[in-house]
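First comes the structure, then the notes that go with it.
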Amino acid sequence: MAKQVTLEAAERIIEVCKRKAEELGQPMCIAVVDGGANLVAFVRMDDSLLVAADIAVKKALTATEFRMDTRQLTSLVQPGAPLYGIEAATGGRLVVFGGGTPLTDEDGRVVGGVGVSGGSVEQDQEVAAAGAAAF
Amino acid sequence: MAKQVTLEAAERIIEVCKRKAEELGQPMCIAVVDGGANLVAFVRMDDSLLVAADIAVKKALTATEFRMDTRQLTSLVQPGAPLYGIEAATGGRLVVFGGGTPLTDEDGRVVGGVGVSGGSVEQDQEVAAAGAAAF
Amino acid sequence: MAKQVTLEAAERIIEVCKRKAEELGQPMCIAVVDGGANLVAFVRMDDSLLVAADIAVKKALTATEFRMDTRQLTSLVQPGAPLYGIEAATGGRLVVFGGGTPLTDEDGRVVGGVGVSGGSVEQDQEVAAAGAAAF
Amino acid sequence: MAKQVTLEAAERIIEVCKRKAEELGQPMCIAVVDGGANLVAFVRMDDSLLVAADIAVKKALTATEFRMDTRQLTSLVQPGAPLYGIEAATGGRLVVFGGGTPLTDEDGRVVGGVGVSGGSVEQDQEVAAAGAAAF
């Protein structure tokens, strides 16, 4: 059977992300969703920004719903770019900067996503990438 | 009696759009609304992006409410342009890039709209135009 | 592979529901969602109640999220019953009367739902049951 | 320093709840919030009801905001009872049946809450109580 985002897989991803965030010395929120864009697991590390909780979940959702890294959306939504204005149309559940990464099975199909928030966009991306690699 | 977006008409439009999307090798979501901006029919083709469902419906709504192709809105909503910021004022139901096309009766009156999402903006437009032409 | 709610399956379910609704002489809205509670297909039959569109979708969602027929919820949410007040907690996406039925695969697992609205609750139930049986 | 709902504490609570749910043979969603009613950790066990995710979080919030077990609210919100209608006034974030339990520090102050959903109300309560006891 194709790889899926079970709770066990989600907890392993979160564990890797937490260790990476600790290395960076930056508390973060980490969320994992499955292929139907439903939350599987979430943690808020002590002292992470309050706003990061919501953003982490939405990064995971965005990466899953668009099947792309959230940082790829950044250039697409600028004034004059093809998807300018899409945030408004998606009811506030879209994050258009880095930190959300899709999770893919052995055939390259997107079966979920991991979202990280709490540090700089670059730090969030690095932690999300570590989590996705652990899947 | 003037042409209307009956379910039969909506299903014919969707059928044409599906065939076009298959030609392009791109799974899409397709929505048809009537002149009162109420959903008449919707399909999500297998493997289309999750985010496309919501966007397809909103493209159909936007084309109907503005009585114009959604791509005509793109230049109007850029920073400095006349309708800059209108997405916020319309509560998240507006899409301002291509893929939504009005459906017109024999007198040129807008009696509904078709919205397509799931490919590039150009692909979405092409499929929506094929659907509108079939009305 | 286990049975899934593909678009083809959803269209077959809707076709059966439409025929049943025509037999009853009652225009209805019919929605089918997949196991992740995402909309796969929807139709509004001509002359069906406007309010029925939203209710049909929410019945399909409720049957999927609770893995039970929506009419089974009716007694559970009455004053004094175990789930009294749950509608408020679920943000207006819950329907607690008949017309929503889960779709199950060959192992009895819920892999989606069909929701029907537009007639009496009994009529809606009958049409939804016919659709689920066709899956 | 007074006991707080750190991530470490939340993970220990969730671990105890998971083991209890496994004993009952019932997959559940488990959420832990801190004294500010902010989510600290969440897990959705494989095969748990989709609707349970949202309800688990809201049970934890309700227990924290009211500083009481959610089942104590049940009698207070019935028709004719003092808090009848409070769900509407709280904008859909309130659960008024069992499964949410406050977390208290050594002085008996409420410093957070645990919410459990996915089984019968009695099962949810039992699992939440086990989690609170582990704090």
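Note that the chains are named A, B, C and D in the order they appear, and that numbering of residues resets to 1 at the start of each chain.
Convention: a residue touches a chain if its C-beta (ideal position, glycine included) is under 8 Å from a C-beta of that chain, and two chains touch if they have at least 3 such contacts.
The structure presented is a predicted model; accordingly, all values stated were derived computationally and were not measured.
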Shared interface numbering between chain B and chain A [over half = same, under half = different]: different
Between chain D and chain B, distance of the C-alpha-averaged centres to the nearest whole Å: 43
Rounded Å distance between chain A and chain B, as computed from the means of their C-alpha atoms: 29
Chain B-chain C separation of Cα centroids, rounded to whole Å: 26
Distance between the centres, which are taken as Cα means, of chain C and chain A, whole angstrom: 32
Sequence positions of chain C contacting 2 or more other chains: 36-38
Graph class of chain-chain contacts, one of line, ring, star, complete, other: other
Pairs of chains in contact (touch as defined earlier), listed by label: A-B, A-C, A-D, B-C, C-D
Partner chain C, residues of chain D touching it in the complex: 49-51, 54-55, 58, 74, 77-79, 87-88, 90, 92-97, 120-121
Chain C partner contacts - residues on chain A that touch it in the complex: 34-38
Partner chain B, residues of chain A touching it in the complex: 36-37, 62, 64-67, 79-80, 82-92, 94
Of all residues in chain D, those that touch chain A in their complex: 6-8, 10-11, 36, 38-46, 50, 53
